[in-house]
Amino acid sequence: MKYASRIYLCLIFSVLYIPIFTLILFSFNVENSTAEFAGFSLRWYIELFNSPETFTALRNTLLLAVLSALLSTVIGTAAAEGIYKMRSRFIKGAITSVTNIPMMNPDIVTGMSMMLFFAAVMGIFKISDYNEIGFAAMLIAHTTFCLPYVILSVLPRINELGDSLSEAALDLGCTPVSAFFRVKLPNIMPGVISGMVMAFTLSLDDFVISYFVGPTNFQTLPLLIYSMTKKKVTPDMYALSTIIIVSVFILLIISNIRSGKRADENKRKRGAVK
Amino acid sequence: MKKKSLMRSIAAAPHIFWAVLFIVLPLIIVGVYAFTDAEGNFSLANIAALTDYVPIFWLSLELSVIATAVCLVIGYPLAYIIAKSSPRAQKIFIMLLMLPMWTNLLIRTYSIMAILDDGGFLNTLLNTSFHIVGTKGAVIFGMVYDFLPYMVLPIYTCVSKIDKHMWEAASDLGCSPVKTMLKVIFPLSMSGIISGVTMVLVPSISTFYISQKLGGGTFELIGDTIERQFVTGALNVGAAISLVMMVLILISITVMNRFSEGDEGGIIV
Amino acid sequence: MKKIIALLFTLLPIFLLLSCSGGSPEAPDAQAPRRERGDVVTLNVYNWGEYISDGFEGSLDTNAAFEEYFNTHLSEKYGGITVEVNYTTFANNEEMYSKLKNSAVVYDIVVPSDYMIEKMIAEDMLLAFDVAADIPNYVYIDEAFRSSPYYDPTAQYTVPYTYGMMGIIYNTAMVDEADIGSWDLMWNDKYAGKILQFNNPRDAFATAMYLLGLDVNSNDRDDWAAAYDKLLLQKPLVQGYVNDEVFNKMTSESAAIAPYYVGDFITMADQEENLAFYYPKEGVNYFVDAMCIPKSSKNPDIAKEYMNFMLSEEAAIANAEYIGYASPNTLVYENEEYREYMGEFAIDLLYGYSPDEVNASYNAIYGKDASCYHNFTPDIQSRVNTLWENLKIADSTELWVHVTAGLIVAAVLALAIGTTYIKKKRSKFYRERDKKAKKS
């Protein structure tokens, strides 16, 4: 049984990683091909570092992801707390349903609705150049589709925590606001952080919504990749993906080792107490 | 009392404002577009034109249902095995599962295409001539590949929450392992399954990049149709298709959630 | 209403001419916004993907070169401003049009193809200006391209950027030389599963219409129906409908036959020596992509400087070498270094003997001209769109898909109904037991 499950894991993960490894392999290709490997070279990495277009796109993508993750985390966490405190089941239900729409809705519908919305906004405020509100539109769109994920990640934590801790804090003389920040927030932090990471990842990876909403003076990486279609995807995109995936991998390993160490320390401490 | 309750939930106010302005309003605008013509007059022509797209809609539905089923069949055991391993291994496996998601979907799909193409990496390597890209199978594979983590993660979350003693209790009460699996574990992970199914089904139905690259352009999915309407500027028809798709999906999700017995928030790790 | 628009449309160029000649020549363009010394002006350029020399492998980064040139030489002329080029790309004409029209994005330069230019002029989206006077380097544009009866008869909207013709690319190792020469190669069932077709209605329909001897700009709905039937016949033979994928598919020898543009063939032939190209005898499309200034542009004066720069020798050659398409610029195709760089084979294929002679040599061989696309009438446009949709839908479902999907749905339904039934039965059982317990 154990062997069977190991084989199964290996099988699935190898299928999952074959495209990633070929991508990494071809990023070192000598030739401009993503099908035939002709020899090893760093040509595409050099190309990548010489291409300002890619760097601008990468910077834009990261900027947008960070800002929309932060914004959605702040709004979402507050919203989760507010929703938790709501008494009326009906209002609670209505708000969560509306919140979940961008998550349930296909991206293409969300994108389309956002595009039409901003077109209407431009009409109302007599803005003639979409680029003027383009960045704001992107930020709003990304924050909107990240929000439900943040709320869904924070709300269960708040539910789990219950009221007793913050009530105790209030009894001990905390204002409601400081009770939230000093008592509740640290306790729901894991949920907040996982929501933020989720939002960051989603924003980073989003193509469909940006495709509909994106202005021209703010091109993100997925949009750049998509627009490279007059000719073809060159291995420098592969090189960029390789760099991203390797750096994420290293980050994850570091955080894993550190949290592993912390867990070990905790165990030791607990052992000592015993 | 009522005032106090209102004050208590004031924290949700920015979000409610946001949701009304940026979620509800845009959807209303989609509805307006769907029921007007290019000049802005009321018209049912867009909705009537939808009958042309019924075959496309069916095909998208069928392919995404198959892809979701494959994801479930592959993903459930995977999630289960991960949930049963040591905490350390769990972390590593989840990390490995998430890592490909950091590569852009477009690049991943393109990479699959480069591998599976008639003269692609696989065929050159094996010196064969399998024709994969351009078939429905390739599109299903692409969907499964791209969206599998969305199936595994919620199920994993759900299964890992199930009390370990459940197994012992079940076997003490005379259940065989298979029966325990079917009668205890599976029903308990139902909410995870349902979130997983939703999270795979919705993006697969509406995808347009995967079908363009792996389907070889020989057929269209509903996402491609919407995208084409958008590009050719036929916004009203595009809005009508979007609207219908949205309504259908929201209805089916509501129906599905009926079966998950009101378990909230099983979606996130 | 339409009449008024038409009238305005005809009056507009005159009005513009008057307003230009009225002011002193040194005065900045009437439309130009007020700028102050030290301002950084962003010039929004919207071009095809991979359609400019971008510094790839030591080539000239044209946009950066323009910024540098402007900021060192022209800054003073425009009151001490500096320019920053915001360069973005699109994948097809329709995408560009939709961004400009629906999203109302402001660009200073766009590079549409012929038929799209015609459409945009008709919809009054492009700025008319005195091209020859405002752009000094325009003199280098070959006479044959200064105006076009297809899209810009009076030469007041466009500065040609590239041009070319479509034809068929084939793999000499996989295709019998005896079969080439006509569009019917793409309908040859000997090569079933190895044939690619355009993934856009305009070009795909054109291949069928040329083969059938129909006018690609036909206004007869029946012509389009005939072309549709022909494409339907071809569908079982087609490996895929492609755009950019054609590069990978042809160079990796996944497919044997593909219709595409000659400039792209040259790029492909660099990588795969088995590839060859011919212009089918029945007729081919001849396209011109040109730089235009949208009406919404806020910096038409700087846009003109940009166009002028793009026509200068160094920039034009760098672009032509990078893109691989033919250039209408005499500075380019008469340049020895450029001809050497491209190679005799490519030069012959791209230019014939001089730009005008590609078409002339085509005419000499086949006795007919290559044709440009016209903008569709709305009626034909929607007709073509519908037919294209039908083509994609046709035979697109397979039995196994129906069966598998059906089985899955049936299984899920059975499971759902089954569990609900069992649950009900169980709760009934417990309820009754409780009742009994209470009674006793």
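We call the chains A, B and C, going by the order they appear; numbering starts again at 1 in every chain.
The rule is short, and it goes like this: a contact is a pair of C-beta atoms (placed from the backbone, for glycine too) under 8 Å apart; a residue touches a chain by one contact, two chains touch by 3 or more.
Since this is a predicted model, take the numbers as computed values, not measurements.
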Two chains joined by the most C-beta pairs in contact, as defined above: A-B
Longest centre-to-centre distance from chain B, chain (CA-based): C
Whole-Å separation of chain centres (CA-atom averages), chain A against chain C: 33
Distance between the centres, which are taken as Cα means, of chain B and chain A, whole angstrom: 17
Residues of chain B touching at least two other chains: 114, 117, 119-120, 124, 230, 235
Contacts with two or more other chains, residues of chain A listed in rising order: 34-36, 115, 226, 233
Shared-contact residues (touching 2 or more other chains) in chain C: 102, 245, 248, 252, 254
Chain A-touching residues of chain C, taken from the complex the two chains share: 42, 44, 46, 48-51, 54-57, 61, 64, 86-91, 99, 102-107, 243-245, 247-248, 251-252, 254, 264, 267, 271, 296, 298
Chain C residues touching chain B - in the complex, by the definition given at the top: 92, 94-95, 97-98, 101-102, 193-194, 199, 235, 238-242, 245, 248-249, 252-255, 385-386, 389, 392-393, 396-398, 401-402, 404-405, 408-409, 416
Residues of chain A defined as touching chain C within the complex: 31-36, 47, 50-53, 115, 118-119, 122, 128-131, 134, 215-217, 219, 224, 226-233
Chain A - residues contacting chain B, complex: 5, 8-9, 12-13, 15-20, 22-23, 26, 34-37, 75-76, 78-79, 81-83, 85-87, 95-96, 98-99, 101-102, 104-110, 112-117, 120, 140-141, 143-144, 147, 149, 151-153, 155-156, 159, 194-195, 198, 201, 204-205, 207-208, 212, 221-222, 225-226, 233, 237-238, 241, 244-245, 248-249, 252, 256, 260
Interface residues, chain B side, partner chain C - complex: 52-53, 55-56, 58-59, 61-63, 65-66, 69, 113-114, 117-120, 124, 131, 133-134, 136, 212-213, 216-220, 225, 230-235, 259
